[in-house]
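First chain A sits with chain B, and in the next complex the same chain sits with chain C.
Showing the complex of A and B:
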């Protein structure tokens, strides 16, 4: 049966090639839209997981800046008074807090663009310290920095910010988010750099004492994250909270336009292709009436003929689906950086489970469309009487 | 491998001319290299507006990606030429020879931005790294695949035109 289907597909290369392309387009549109959503969402989740925080508390007036720092790595400098830190620590359900200071650099010697410095206090830190421990490195020392994956200079080389020189002691894994262009340093070094900047930098860094830009919060029970977030906003005035789900929702909103267009094009392609594929299958059945008649005369049952026609369409759809998924996957990986830049969203390759789910779903939908389109022609072909079919076309 | 007929030969000629033109045009117009993108403002180069990208320049007065773009223009022109020769001499021998040449051109198209000359090294997020380079890799791979097809495709006798 399979050999018969394969020969029949190869026998009509142009027509079947066009059908494969139509299915590939449907599959590519569907796959791309879900890949982008999953890639952006996994990217944000991976960033939050790397930061080790369940909630990020930021100044109310700088919510957009905070999102820009975390999602896109757009450097920004903003503060609120660190008197909020003990207030947040006292909120019920909070296990651990860590204040961080965000400092945007001027054009840096390392990089073509300004980068985001994140000052941490090693005594309270739960962001970098676990990473250092996992990588068997000692705690962050004086004038040492850990850099994001997109910071070009290698571990061991020096970086200069505001006239102060730091040494790179580690490089984080890629996340596709703002973390990739961030540089972590000790709060004490940040203040030293600010003091020295009056003499050494073109533009001095103003870093007031007793400030923080964001407070990372770990909660006792992850299921209680939403409730703890509400309590923080209620009990600590002038703050906003960012959670993993809120950030995912922000990028999903940003992506909505693109995914809607892709889904719509898949829908339009399906709606146009469905009757066309059905018509082509019907034409093929009419063309092959004599062949089907001979097969029936040789003992093929109606069910076999039905499976033959349906199988052909399903296999063409499957080939198109696999081709569409593979080609769009290659293009999405190659142009990942470009898509992230144009859409201004964080983007990385979705985790394997998401990727498998999206691919399987796309393939099932594509094959279902192929099967649906060939259903009527398959029924028609199964009903062909062998004698009449063989005689058809004769004078 | 399917035999190459007159129509299919014409289609492959068209594909080569299209791929060649795309290789020529991509670094300058479709996914422009850093200098062009910066001039046209087609892609935001950063938030500071500083001109620190100049540090990526090669030995001359241009950035590294400029030289890759120039070299790719030459390669693209050669791919177009292969298409034209295929149109004029569609016999089996020339097809096989042109197939091998095209595979080589495809490989060079990929290697120019990745190994031979390269792209700007200051940041992985420059326009040449996120746009031009992947586009050229894709075009190079497609060119090489078409060359492999041309080389392997069955045809008529060595001297008989198809």
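Showing the complex of A and C:
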């Protein structure tokens, strides 16, 4: 029976090719929408994981700036008093804290645009130090920096910020997030740079003592991240917490416009295609009345005829679905950087499990549309009286 | 083999009632070669389709190979057609997407009694028997009218049917091809297959063991002059 279906599909290349394209469009729209959401979500989760933090505490008035730094690497300078650090450390469930200072550069020699400097204290750091250890490197020394993957100069070359020269000692792996355009340096060097900037920089860097831009928090194993987040906001005034789920939600909101357009395209394509495909299937059934009659005379049951017509549509839909998924996947990979730039969201290829889930879901929906469209024609063809079918139609 | 009693088939063309079968009785023993003749529209094809379970009479009863086909479900009737009855239509009825061998083997695949390999082997043997061994891989579009008919006959024999129903199988054939095809039918009949053939061509009457004429929805015997 499968051979008969396959031959029938091949035998009508133009019409079935058009149907395959229609299904491919539906699948591509659906797949792209969910791919972008999953890609952005996985990218954010990956960044938080790379930072080694369960929670990021930021100044209440600079929540949007903090998200911009973390998600898109948009340089920004903001602080709150580091007196919050011991308060956060004392919150029940907190295991470890790490204050970081965010400094936006002026124009940097490395890059066409200003970059984000992130000052860390190597004695408290759990972001860069584990990475250095994993790569068998010494702790970050005086005037040394680790750069994100998109920072152009190579390891071993120098960079100058606010008139202070640093040497690049390492380059992070790509993350598809703001980390890629960030540069990590020691807090002590950041203060030295600020002091020197009065003499050496066009515009001095104002960096008050005793400040932090963000406090990275690791939660102990027994505590719930959500509960600890609530306690921090309650017990430490002037703070706001960013968790991976909150950042994912922010990214999803940013993506909503695009994903809604894609979902709407899939819906419109389905609504337009469904009756068209049903009509085409019905035409096919009418054209093949005599063939159906002959098959019935040869002993095919109504159920066999039903499966034959439905199977043809389902296979066409599956081919279209696979083509749509494959082509949109290739396009999304090729234009990933461009899409991330235009949409201003972190974007990476979703993890394999997400990708498998999205592909399977898209394929199931596409095949279901194909099955639904052919349901009535299949029932009708199964109910054709063999004698009537043989008398009419062409083979 | 076949016992049909009081068959009535009524349908409507607009408001006009058409009754191709009007109390038809038909009995056929195993091994017979019965020719049903009559004018176009006399109801002979309708009778053949009723016997084959392709359509149901309005009233009457039909026993085929010991089964009341009107009491059978769709699946049971399909199984009866598949395993006991072979059909040869006026048109070849071959699927254009399949080769001659695949068309013949299709009957076996539908019946599900043999595997694909065994079906193909039997199909090849049948095509060789009807003189088309070398054209087994040809699509129907590459076969002549006579070759198409012979392929259709091979297909009808695929599942070793005890009954072969043929509707105008020699229509549109030239005299030589008609004779070849009829010789093939005679050979099949001599091997034990019951054949009921509908035609309006009395020239082939000599091949049959019995001839009946359909007149006004009823069958009347025709005396053959040998």
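Simple rule for what comes next: the second predicted complex is superposed on the first by the 389 of 395 C-alpha atoms of A that agree within 3 Å, B and C clash if a C-alpha of one lies under 4 Å from a C-alpha of the other, contacts with A are read in each partner's own complex, and residues count from 1 in each chain.
The criterion applied here is as follows: a residue touches a chain if its C-beta (ideal position, glycine included) is under 8 Å from a C-beta of that chain, and two chains touch if they have at least 3 such contacts.
Quantities reported herein were computed from a predicted structural model and do not represent experimental measurements.
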item: Combined model on chain A where chain B meets chain C, clash or fit; value: fit
item: First (chain B), second (chain C), both or neither touched by A:208; value: neither
item: First (chain B), second (chain C), both or neither touched by A:75; value: first
item: First (chain B), second (chain C), both or neither touched by A:237; value: neither
item: Touched chain A residues, chain B compared with chain C; value: C
item: First, second, both or neither for A:7, with chain B first and chain C second; value: second
item: First, second, both or neither for A:297, with chain B first and chain C second; value: second
item: Contacts of A:386 with chain B and chain C, given as first, second, both or neither; value: second
item: Partner chain in contact with A:152 - chain B first, chain C second, else both or neither; value: first
item: Lowest inter-chain C-alpha distance for chain C and chain B in the superposed arrangement, angstrom; value: 16
item: Doubly contacted residues of chain A, that is, touched by chain B and again by chain C; value: none
item: Contact footprint of chain A on chain C as seen in their complex; value: 46, 49, 52, 54-55, 74-75, 78-79, 81-83, 87, 89, 91-98, 102, 106-107, 109-111, 155, 159
item: Interfacial residue positions of chain A with respect to chain B in the complex; value: 13, 74-75, 106-107, 111-114, 150, 152, 181, 330-331, 334-335, 337-338, 340-342
item: Complex contact set, residues of chain B against chain A; value: 2, 31, 43-48, 50, 52-53, 55-56, 120-126, 129-131, 134-135, 137-138
item: Chain C-facing residues of chain A, complex; value: 1, 3-4, 7-8, 10-11, 290-291, 293-304, 385-388, 390, 395
